[in-house]
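Before anything else, here is the set of structures, which you'll find just below.
Two complexes are shown next, each including chain A; its partner changes from chain B in the first to chain C in the second.
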Partner chain A sequence: MIRTIANRFKWNAARYFTQTCSINSDASLCQNAASLKVDQLADIKESELKEISDPLKFPDYFGVRKLFRIKDLFDARIHYGHTNGTLDPNMKPYIFGSRLGHLIFDLDKTAEMLQDALNFTAHIAYRGGIILFVSHCPQHTLTVENAAKQAGEYAHAREWDFHIFTNSEKVYNGVTRLPDLVILLSTLNPQMQEHTAVKDAAKMCIPTIGIVDSNSNPNLITYPIPGNDDSPAAVQLYCNLFRDAILLGKSKKPMEVY
Partner chain B sequence: MASSRLERIGNIYSRVRGLLRSGAMKPEDKPIWYEVYEAFPPKVEPQYGRKASEITIHPIFYPEDIVRAKFYERFGSPGLISLANNEYPTPCQKFLDRYKEMEKDFSDENELFEAVAKVMEEEKSVPESVSSNQPDSGTSMASMFSSAVSKSQPQPKINVGDLLTEK
Partner chain C sequence: MAVLRELVVFPSKCFRGVRSYFFSAPLFQNGSLKLNESVSKDGHALDFEQSDTKKMSKAMKSYMERAKIHDNFIKQQLHEYNIGKRHLANMMGKDPEFFTQTDVDEAIRYLFPSGLFDPRARPMMKHPDEIYPKRKAAEFDVNGRPYHSLFYTSKPNYYTLMHDLAVKFKQLDRHEDKIISRGIQNQKPTELFLFGSEWIPKQKIENVLLESLTDAQYVNLIKTFERFSQHPYSVIEKDFIMQFRRQLAAQVEIQQVPELMRDESGRPYMTYNARRKTSNATVKVIGQGTGVISINETDIHFFQREQDKKQIIFPLQFSDMLGKVDVVATVDGCGTSAQSGAIRLGISMCLRSFVNAETIERMRLAGLLSFDPRTRERKKPGQAGARKKFTWKKR
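Right after this comes the complex of A and B.
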């Protein structure tokens, strides 16, 4: 009698019937496929489920490697650096060579570091971290802010107030939560000096991802990406890639358990 | 909650790890990025005072550059070249393609260059050669400058003392 009722209803109704079955110690009667699956799922502990599908165990859980190819980097002019005279010595490992005085980045290295950075971004977005896009180049303000809007995250593409990170509670007059990741589209400010956000994020133990051009210092940045940060095409490509990585991370977020 | 603002010592990971180990930061206050950093550390550890490596930057040259130099010396630049447009080859590129085709027929580089130049001029694929027409045709920057300098009047020498003592 109970078996036929369970067959007719959906699986969650069947679960109810199986539970009543077990109370009467007639569990052997409720053996239809739906109720069996539900019982097995209920047996697996929540912690074991987490280990099976822990994104950190996979090298590329979100598939960020598929977001770009080296040809896309080339077409967006990411391999163009500045001239020999403005080279920062710390950028030497990432330079392929100098063509008549103009430095060219090694796109193989750039691609590898870009993949690492996108992977990190996707994981932070998956864990519900706040991501802040920072850029001080006035030419790219709109691109950066639009990318942040589309990703559902935050951007600071204007003049940087010195105490935003280090004295945030006074500046904003209340309890503040600092970002969990800062993405710098350009590590220099219009005065060609290192952007304050680089040092301040390192001070406040916030990881940074930064596009370092040939005249920038990558030492304080957690995941530097050597490449051109001046061409609008290059900045548009970076913004698109980071936005896509964030959206990928958010789309795989586990459903909230009530 | 404790924190460490010393950005020049170690990196963010080493500082947070130290805080956690010593007990200054409780495990529940662990930052979101800590486990992600442990699983995927950066290829190069960020460090403030890392010494720059002693790598020499090599200039990039190709074997075709010699032909390119000769071409520009002979024919000059067409003026405007669109770097973004990959469809239409520039006169120099067309010259190089023809050079490669005819390379096997000649052994001497100069002979080959002259032969290719003759063929291309007949086909009108290249602009008229600069050096053959007039030496100071003015299409190159250097010749324009030298002609401008020779044309300009010599500046009269101004004596500032005279200027001030006038009137």
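Right after this comes the complex of A and C.
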């Protein structure tokens, strides 16, 4: 299982050795991805031929942990939660504390879960899965749609039609292939209720990655990422990270087994 | 949800297809790959990377079936249409090779005369492409991956339009920032002139986008367009905006304004015959004048009443030609009010040739260029007058 890989990376070590990436710019990460690929190929040639066939044997086959540092999360204000009274009890483990009545996320935990989620995204992209970015906040629609386009994947940052997953034949006028992964940039809709996509994806057995804020419920989400989902800077960072993870996943050509 | 996470790791082949067929269902099959085999064999992941583009996703298969049925249907209709055309040509005694659609329409009208009012209810024979609505082409490839990034919104074309508007808005903002930063303070951007056109109706947009919209979505689109065209620099995107506007009927019916004529002394002039009720006026407006008004060879005092004189002066005052043109008018018939109204219309119509398009439009809006069709209403039997009734008695 991806989440129970033996080699847990140490953040302290990683902080010194990760290369900085231009995360907050819109520049495509393809160049970086290509350079990373070369490094990884060098590593792979050293291991046994049997191992080559299965990317799942590696803890971080695509090198997603190099995509961000905790400082980048901090600069994008991902540690800002909502006020004390709005805390969802399920989010308690991820909260570091509160300051002046506002909750602060534990970025160590966020970083670990974000790394898992990005790794998962990269694996899905590697296998040609359909990835759907979902968000209902009108403020972030443009960011999300642009990120999806750049990644070559799909976005739904508009008003959600209830029958999209559960009655897809009617909605799309025929049999359609549904997404293999749903990435929720915000698990709440503008009415502060849980986004329908969370429930529907769970119904249709579609794995989800979701940015859960302090007032959201992470229970139905496969890979929750506790963090701020309201600041434009935070959403831009998430979009860039997921886009880069997808491009990393796609940049590796699936290797044949003989 | 630990169990779900375990299930997440699987070879892609198993799930190439419709999500709703969950793999535990015994009837599920994807091509030649039997699911029981794939899971139970070794326990570890399969060699999924034998790229199988020959095996189509269920979505694509279903689309291909539907497309085939539709294509066959259209082919059949086209065949029948062509045969029918030849029959009609023979019936009308014309050459089948050169039988055009207009000939077809004429033949149908002759052979199947219909008393029905609505033209769309009458018999017709048209090319199948004109009758049957166009369908969207295949929206996904052989693997079931949609082509359009916004496919899962179920209205990709509509939301692409909204997306483009947002992008263009940002571009205009950046342009404005650039202008401000260069310090070009005095430059006022030319305003976007949307007068005389209106936003195209919902049906037209649906035809363009090939998607049906709800009323709320249409209203939202128009509001977005309105906001976009109110940007100070929206004139840059004029062509884009005008694609979604249609000219109002009045603009379309603009009559050709006649050219000014020249008399012997070289002065420009224009004439017009105007009517009001049963009076006729022949009006001649001569340019390079001093404001001389002549009605039936007397001056403006031909009309004793203040209101009649004001009616004559109004078009000249409105178009700012009061002391600049001479007016020569002859009028007969009816009463003073009708006569002055006729002359007013005559003067307005002549002034069109002297003034610019904006003033003509203003005159049109003021009602100066409209013929007044009101006439005396006839008296009806059983009544005292046209509308007046006799005294109503309760018993």
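One rule holds for everything that comes next: the second predicted complex is superposed on the first by the 202 of 258 C-alpha atoms of A that agree within 3 Å, B and C clash if a C-alpha of one lies under 4 Å from a C-alpha of the other, contacts with A are read in each partner's own complex, and residues count from 1 in each chain.
Here is the rule we use: a residue touches a chain if its C-beta (ideal position, glycine included) is under 8 Å from a C-beta of that chain, and two chains touch if they have at least 3 such contacts.
Quick caveat, the model's predicted, so the values are computed rather than measured.
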* Asked: Who does A:158 touch here: chain B (first), chain C (second), both, or neither?
  -> second
* To do: Would you check which partner chain A:103 touches, where first means chain B only, second means chain C only, and both and neither mean what they say?
  => first
* Asked: Once the shared chain is lined up, is A:207 touching chain B (first), chain C (second), both, or neither of them?
  -> both
* To do: Report for A:149: first if it touches chain B alone, second if chain C alone, otherwise both or neither.
  => second
* Touching partner for A:199 - first (chain B), second (chain C), both, neither -> first
* In the superposed arrangement, which partner chain does A:92 touch: chain B (first), chain C (second), both, or neither? -> first
* Asked: Looking at the overlay, what does A:176 touch: chain B (first), chain C (second), both, or neither?
  -> second
* In the superposed arrangement, which partner chain does A:84 touch: chain B (first), chain C (second), both, or neither? -> first
* Could you tell me if A:112 is touching chain B, chain C, both of them or neither one (first, second, both, neither)? => first
* Check chain A for residues that touch chain B in one structure and chain C in the other, and list them. => 56, 120, 127-129, 180, 202, 204-207, 219-220, 222
* Structure fact -> Residue positions on chain C within touch of chain A in the complex are 1, 4-9, 11-12, 15-20, 22, 44-45, 47-51, 57-59, 61-63, 66, 140, 143-146, 149-154, 159, 163, 166-167, 170
* chain A touches which residues of chain B in the complex? -> 3-7, 11-12, 15-16, 31-33, 35-37, 39-40, 42-44, 46-50, 52-53, 55, 57-60
* Complex interface listing, chain A residues touching chain B -> 56-57, 84, 87, 89-90, 92-93, 95-100, 103-104, 112-113, 116, 119-120, 123-124, 127-129, 166, 180-181, 199, 202-207, 218-224
* Structure fact -> Note: in the complex, chain A contacts chain C through residues 1-3, 53-54, 56, 120, 127-130, 132, 141-142, 145, 148-149, 153-156, 158, 161, 164-165, 168, 171-172, 174-180, 202, 204-207, 219-220, 222, 254-257
